[in-house]
Structures are given as structure tokens and as C-alpha cells.
Amino acid sequence: MAPSNLSHRQTHNLLLISKLLSLRDTASPLTLLLDSLEQPATPLVKEYIRRARLSKIHVTLVAFETLKPFDGVDVFVSARRKTPADIVKEVSAAYTPGSSDNLNRRRLILIDSINPLLRSTHLDKSFDLSTFLSSFIVPGGTPTSKVDSSVVVTFHQDVPGRCAQSPYVPSPLTILTYLATTVIKLHSFSHILTQKAARDRSLVPPVFGIEEEKDGVLLGRLDKPVGKDTVEGVVLEMEYRRKSGRGVLEWYLLPPASRYPATHVREIVTLLDDHPLYRPPEEHNARGEEEEPESTFELRLTERQRREREGVVLPYFDAQQGDGPGEGGRILYDMGEEDDFDEEEDEI
Amino acid sequence: MSFRKRNIGLSTGTDRTSISNSPSQPQRTTQAPPPTPGIRPSPDDGRATISTGSPSLDNLMAGHGGLPLGKILLVEENGTTDFAGALLRYYAAEGVVQDQKVHVIGMPEQWGRTLPGLIGPAEAANEMPDRRKSERMKIAWRYERLGEFGAGVAGARVPAASAGDQIPSSTDGSLETQPAFCHAFDLTKRLIHPSIGNITYMPIAPSREPLLVSIQRKLQVVIASSPPNTVHRIVIPSFLNPTVYPPEVSQPENVLPFLHSLRGLMSLPTSRITAMITLPLSLFPRTSGLVRWMEILSDGVIELCPFPHSSDALSTSGAATAHEEPPQGMLKMHRLPVLHERGGGGDHNIGQDWAFTLSRRKFEIKPFSLPPAEGDTEAQDKARSDKMPKMADLEF
Amino acid sequence: MPSQLALPHLLIPYVSSPPQSSLTVLSSVLGATGNWLVLRFLYAALGTSAASNGEPMVRGHEAGRKSRVVLVSFLQGWEFWRLEAKRLGLDLARLTETQQFAFVDGLSELFSSPTAPAQPSPTLYQYPEAGTAPRTTLPIRSQRSPLAPGPAGLRQPIPVSTTSDGSPHKSAREAGPVKRLHLPVDGVAALDLFEREITAVINRLKSSPGGDGNESEVLLVVDQPDLLLAATGPSRCIGATEIGEWIMGLQQAATATVATVSADSPLIHNASVYAHQAATPLETEHAAFAVELAHRADMVMQLRNLETGAARDVSGVLRVSKGGAWGRRESAGVEESWEEKEVLYFVQRDGGVIVFGRGE
């Protein structure tokens, strides 16, 4: 990839993720976080909350599996044993934008896990996932005050779905990925590195946790893989659908929250490709290997030397003329000015 | 760290006595000495155990020398053979002989007529000590150890704990003073015993309630109405077999509550119940979640894997000596009563490969080891004759 | 000698005083059961006073802070827990009397009505106003029995050896310091009933006098709630979500919660999204429940068999990992400094446990 292209991609995609995570310009009304036990979405959700606080965005947490609210959450709505309609009602009642201060208020609605809702046996037939989600984004009630709502939904990929009621209806996950404007799949950085290391050696990349299919193993993650330093951070595999229809795919790295203060304003997410552990600075190395090994004397030729060397007609050219044995086979050489010709030694 | 400090090497009789005398057995004082025949305290922790009717299965029960009261033993069998059924018949026949109450679920009364005939107490029928004496010089050391195992826990423990050499004499003594714990049966004969009529049969019959609920209720009533000290044995042959049970029984919401309430019934402090269930694995494979739950609900899980009939060569070569019966299949222990509910591990039988042999008179379980294949010995001989000179050539 | 300790040193940071409103998931398999670890949780919470025979209890808190324990067990009865705890030096019967421990029996009568099948379901309607006034005497089933009046929680625990003296079944069955759960109906109503009953027990322990006037901390241990799911299933209107919500309800009442589940391969992987085969509803629901529970847990302790097969001096492998909810609570800070670890353990015949690293 040409360096200019790469730097363009860097700036562009970093701006994009910054916009998405900070919920600017309602770039993504519905974001889907796909996590697993190997890499839960908690760090990313916390990052959302942190940024929302920095820019004074109202945060609502719809809790299907969380008992106590996260820090920084303005409204905590426990969804336990509630019908979807009740949840929507409670969420929209939780926030009434004060018309006095700012007309264009923004709000962030976090759903900590959509799986319990999708698996519930008590859903009536009329439940429709897309209307449920869009009712958060476009509340039916008051059109006077405009609220830009962004919904961030977490879906645990490793929780098996219910047996489909109808084989012809797409699965909830399919619907979710279709509806979402941004899909972020989370990976553990150390796993990504291990898998990359295996791929670089043309080995089958290892799998972790439930995917291992080992008896009794739910979680494969360990802080310190044997013989390795701690590699922290969350890898985000992002797919963003623009309004134009073009999709953007990019891999990012979110460093652990302990590495920066909560009030840090500058962008902390980097491209995965820019991380030294994922892609070691090989540009220099590669160029270095092309160069000749260093030594005390010069083995290289200048351009002119090279040209002149190529101009030399080698002895076998004459020998091929077939003038007989012993004929031909002379070196024909035009003397240059820098040749130190010695009449006695260098006889032609 | 010293893992081997305590009570682990359980292979000799002296160890065993030291264990049963060791102070770390709290239940010993709480359990009364067995007032009823057919019950004896476990040498491991003094809990009451009954015999499964086959001494070598008793010996596998993690050092308890029998099936502890209140425990469910699930015997699974691959293929269409019925070795598990033979184990079950021994179990039921032992109950009949000991005047215990046997409840047979899902089978008509004909099943009771197929119980094996009584030969006598297992210790008397077990000619192991004699044979060992006569063969002492012939048996290789490693098989001799296995021979001791056969006499092992069951033989050595009937009258207190005696050393291996005293088995014959003490067995004779115990025959007069103390009723036998385990009997020997002959599968080709039919059991004739006065209390054989006491078996209760609970055949599969249509009822208003779900099938297993009604069976459960019947069991509960029968057990509650029997005298308090009665020992019960619940026998469930070929559980969930579709030729016996209607298909809806194998729904988890029918099977699992049944097993769970059976477990509940047996866990009551006053109840003296054991149960043995056989399950055809070909119909309900172990890889299914339902079977795994049935295993979790059972206290002991044993899997029988019979050898295919064609492998005669393998089975004959697997026999330890010429006059021992060839093994008929492998036996796997997935879970043992008491041992695994405490956390598992530490039993000296764990990690062994077991083979079973069903003969006319007994169901025998032995450690299994594959002898060197015959082709290999030839190859070895050849190698020896061919290569040794070459080696010598090289050296000189 | 590490083997003499009821609580091995390596385990102490993991089992002692789980943080406020946390969930610890304990997963086990057929050949590596978790009862011994549950007992270690009990011991860590209750044992400080009981077993102070000169052993220094290394805990993050002073020995004065004791917590109380409610144990809800679906696979093991009272006798089992009482005897096994005794091997560790815990007298559960006495602790029950002093209101430090309560046992809720989910085994004996969960699916079967006890002795009188004539009156099947008054239990359900015994609670017209739920959640009002935590009475000190519980309205429990045994009150209906003429043989056993009086609140069960305060009754003297019976001695074990009633077996030999031939006491009548009924009285023995109704006695005991335990509360029994009974599933009378299908669906969420039954779960609601259980939740009210268990919450009442928790509240009773919380409010019972215990030295200082503050409410005591109550550790709730739910042993194999997955049985409830497996034995009812979606056809009885109880699915993974409902059981999960039920546990959440219990979590709200208790200070901290420990739940054990089975993680056997057929129960988890048959329904896994990574497996490409049809799974039965039992497997799907179980996998969903177990995985969701792990997502909600702060700590997941996984027990499994040794990969290399059974060994004489190793019972299994214990892996402690951070669950999906780890790090959600900001308040969690220094005191929660434990690291993920994988160790081997060996349960000895005398009930002691040795925990050691690989190769030690």
C-alpha cells in the first residue's frame, strides 16, 4: 500500500471512529456491539459512557443483565420481567429534554444485552425487534423537542439463539446486523496477536473459550498467557454503513482504560495496523535488508562503472565466431582515462 | 508438596485397617452397626453399603466395597447386547436373597423369573485363594497382584479386616456367625427363594397422570408403607427403551423430574434405598444433553463397551492366562458414588482400563491390558536375530 | 502443611468475601464436581469463628466481620451438606440455630408432593400479598402438618441416627432445619414463588440479631439451578431467560451470590454457535443459561477433568477467569485484586483439598 494511501486511511478512519464513539452528528443511530465471553463489551461500553459524559450527553442504561448501574449512567432502567412495551415507555419517560437550555439535546441509550429479550419465552407473537429498537430512536410522543438518540445494543455472540419459531423468518442476529448502521465486533488483543502469529507461520490459528469445545471450558481467557507479557486492549472490528451505501471496514485498537485519565479528550483509539505489536515496523527492516552488508571496503559500483562493465565484450563472444581453436577468446577493452595503463605489464 | 501422604495407596489389607481405624471418619460413630443382613459399613467411612450382587462390581465402588445406601447407579451399555441386564439381575437377585424389597419398574413379572439361581455366599464360591496357592509359582508377579485384587475388598473385609492369607478360614467362620454380604449366582439356573414373591412390579400401564409421575407416586407409597428398616432396591431395566416406554417419556421434563425426585426420595435420612438403572446408549448417546443430565443426577455412572464379536483374536490374547475367560468388553467408570460428589480423584481404581467378563457364574471386572500383539513379537525376534550381529559388527 | 488447611492458601483470594452484589459462577463437569468448592465458600464465610484453632485466617478483613450464608441446593440434600461440612469443622446445624446459616432444600420435594398427595397446591395461594412484612416465622409447608407445628427455621435439628431407632417417616421428614422448595405449577409463577421464599429466608438472616446492629451480609449460594431449567424446559414456560431473571432477583436480595452450573461438553457445545448441528431444546437452553450467567459473573471458576486422563493424585483442574461483568463496578478497586489462574487440585479422602500449580 502506498504510504499516502495509508496515511489517508489513517486520518479518515480515525476521524470516523472518533465520530462514532462520541456520537457526533448522529452518525450511527443504531450501533450493534457483538461480544463474547472472550472479550466482553464492558470496556467499550464504558468508553461510550466516558465520552458521553465529556460531551454532556444524557445516558440511559437498559439493563437486562446488569444489577447495579455503571458509573456515569444518568438513568438506569431495569428490564427484568418487563414487556418490551413497558421498557420503551419507561425509557422515553426517563428523559424530557429541558427546552430552555438546549433544543438539540443528544441522548445515548445503552442496552447491556439484547439476548435475554430475544430468548424470552413470554414474547407475544406481535413483538417485532425492528419496531422495538426504532421506537427508542424515534419516540412517537413529542415532536416539538428534537432529541437525537443513539442506541448501542450489545449482543452476546456465544449465547445460542432460540429454536426458530418459523424457519422462514431471519434470525434475530441477522435482523440486528441488517438494521444496525455500525457493527462493532470485539476481539481480545492477545488472541488476535496469537492468531496472527500462527497465521504468519501458516499454522491453523487457535481458537479460545467455548470455541475450543473442551469439556468444562466456558472461558479460555487468562490474563497472562504462559510465557507472555500482559497484552491489554480490545480490538474493534468495525463495519460502518454510510448513507451512500458504501461500507467502511476497519480494525481498531482500544487501549485499556487504565492507560489514560477519564477526562482525556484526544482520540485514544488507534488503527490496529499501527500498533507495533500487531504490525512490527517492518518498512525499515524491509528496506534495510535490500542494502548490501556493511563492510570496510566498497563493493558497490557507481552508475557509470556499472554501464562500462556492461559494455565489456566477454571473450566467449569472439570464441563463438569459430575461427579455429586458439583464435578468438580475446578481451576487447576500450581503455578509459582512469585506467592506469602500464605498457610493460598490460599487453594487449 | 506431599500428595501421597494420606490414605491413598489402598491396595493392601493393612492399609485398609489403618484407614478404618483412623480418626478422620466422623460418620463412623453416627452409623449404627448393621442390624439387617446384607448391609455392612463401608471400610472407607463407615456408611452403610449393600452388595450389587457381583463382588467385582462391589470392589469398584471407590473403596466402599458395595453400593452405599441412597445412591443411584446408572449402567450404560453400548450396542444391543445385554451385559448390563445381567448386572441388574445379580443386583435384584442379591436383594431377593437378602430379604430386601425389590421394586422392578417397567418390566412384567416374567422378568423376575429370569433371576439367576443361588449357589451360595460369594466368598465360598470364590475359589480364588485356593487357586492362587496352587498357581503361585506359575503366575507372573504382575498377574498375581491382579489376583489379589479379585479377592480384594469384598473378600478381605467380611469379618472385620483380615489379612489375605486368612481368607479361607475366616470366611468359613463368618458363614456360621455372620450372614454373607454377597452371594454367588448361576445365570443358567433360575432363582428359587421364598421371598421372590415379594418383588413388586410396576409395569408400564396407561394412567391419567404422566407415566413417570404415577410410577414415582407408587414407589413413594410402597416405600412409605413398608416397615421402617426395610432395605429397598429399585431396579429399572433398559430405561427409556422405546419398546417398553412410550416416546413422550424421554422428554427431559418427564425423565429428569422423575430421576430428581427419586434422588430426593433416596436422600432422606430415614430411607434405605438404592437404585440401579440401565440405559441403552445406542438409543440415547452419551453426547446428548439429556443423557448427560441423567448422569449428573446419578451417583455412579458405568459404561459398558462390549467388544464386537469378530475380534476373537484380540479377546483371547487379552486374557491374562490360558484358563481365564477372555474379556468380553471394556468397562469405563465415569462417576463413582460418594467419591465424585465429594470432588473426585484419589481412588486407586481411577485411571485404570477395565475389562469385564460375563461367565456362567459371575460378572467379573478386571484391569485390562493389551498384551503385545503377536505380529510384534515375531518382529522383535526377527529384529533381535537380524540386528544383533550387525550391531556387533559395527562395534568391532 | 498445606493439606491440613481446610482452606488452601491459593484459594483464599478467590473464595473469601466476594464483593458486594457480585455473581460468582462455578462450573463443573460430571467427573469434576464442585461441591468441595461450594464447601470452601461456606467455610470462608462461616468458618472464621468456628475453626479458630490457632490457624491464622488470611483474609482481607478482620475476623470480626462474618457473613451469613443461605445455601439453596437442587442436587444434594441436607444430610450431605451437613456431613461434608462437618469434615471441615463446620457445624451447620448449630449455625442454623444461631441464624448464621440457612439451608433451602431443592431436592426432596421439588417435583414430588411429600406425603399427602390429597392437597396438592395450597402452597401457591398461601402468599396473597407477596413481599410484605418479612415475618420472622416463615409460612412454610410443614406448618400444615399436624406433626410439626412451629417454624422450621427455629426448630432443633434432628440427629442423624434416627435410622436405626425406627422413628416414623413423617416426623423425620418434616423435621430438620431446612426449608423445602416445591414446584407446584408451571412457568414463571413457580419461579416467583421460589424467589419469594428464598428472599424471605435471606431477609430473615439479614435482620436476625448478630452482634452489631447493622444488617449482616448474606452470601447466597445456589447449587445447580440449571436443574430447574433442564427438568422443566421451554415446554413448561421456563427458559434460560426466566431462570436468569430469577437468579437476578435473588441477587438483589443477597449481598453476594455464588451459582454453580454444569458445563459438560454435551450441554454447552452441542448448541454452540460454532457447532453445526441441530441441538435439542434442552441443550440450547442450558448453553444459553450457562453462557449468559458467565456473562453476568464477575468471576468464573471452572472445574474440569485433567486432559491427560484420570490420575491418582489429581482430581481435576480449576481455572479462575474474569467473567463478562468483571470491571463493571467502578467501586471495585484494590480489594478485588485477584488474577486469573489455572491450578490443579486434589480432594483427599479425608475431605481436605490440596491446590497446586502445574508441575509443583
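As written, the chain order gives the labels A, B and C, with residue 1 at the start of each chain.
Following the convention adopted for this analysis, a contact is a pair of C-beta atoms (placed from the backbone, for glycine too) under 8 Å apart; a residue touches a chain by one contact, two chains touch by 3 or more.
Per UniProt, the chains are A = Elongator complex protein 5; B = Elongator complex protein 4; C = Elongator complex protein 6.
Keep in mind it's a predicted model, so treat the numbers as computed, not measured.
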Exercise. Could you quickly compare B-C and A-C and let me know which has more C-beta contacts?
Key: B-C
Exercise. Select the chain at the greatest separation from chain A (Elongator complex protein 5), using centres from the mean of Cα atoms.
Key: B
Quiz item: Measuring from the mean C-alpha position of chain A (Elongator complex protein 5) to the mean C-alpha position of chain B (Elongator complex protein 4), what distance in angstrom results?
Solution: 58
Self-check item: Whole-Å gap between the CA centroids of chain B (Elongator complex protein 4) and chain C (Elongator complex protein 6)
Solution: 32
Quiz item: In whole angstrom, what separates the CA-based centres of chain A (Elongator complex protein 5) and chain C (Elongator complex protein 6)?
Solution: 41
Exercise. Scan chain C (Elongator complex protein 6) for residues touching two or more other chains and write them down.
Key: 32, 264-265, 271, 279
Quiz item: Mind pulling the chain B (Elongator complex protein 4) residues that touch 2 or more other chains?
Solution: none
Quiz item: Tell me, which parts of chain C (Elongator complex protein 6) touch chain B (Elongator complex protein 4) in their complex?
Solution: 1-3, 30-33, 35-37, 74-77, 79-80, 83-84, 86-87, 107-112, 115, 117, 158-164, 166-169, 172-173, 176, 227, 230-233, 235-236, 262, 264-267, 270-271, 279-280, 282-283, 286, 309-316, 345-354, 356, 360
Quiz item: Which of the residues in chain C (Elongator complex protein 6) end up touching chain A (Elongator complex protein 5) in this complex?
Solution: 21, 23, 27-29, 32, 188, 234, 237-242, 244-245, 248-249, 251-252, 263-265, 268-269, 271-275, 279, 281, 284, 287-288, 290-292, 294-296, 300, 302-305, 307, 319, 321-330, 339-342
Self-check item: Touching residues on chain A (Elongator complex protein 5), where the partner in the complex is chain C (Elongator complex protein 6)
Solution: 35, 37, 40, 42-43, 46, 65-68, 70-71, 80-81, 113, 115-117, 119-122, 156-163, 207, 210-211, 213-224
Quiz item: What does chain B (Elongator complex protein 4) use to touch chain C (Elongator complex protein 6) in their complex?
Solution: 1-8, 19, 22, 24, 26-27, 30-32, 35, 44, 63, 216-217, 220, 224, 227-229, 251-253, 256-258, 260-261, 263-265, 267-270, 272, 286-293, 295-297, 301, 334-335, 340-348, 350-351
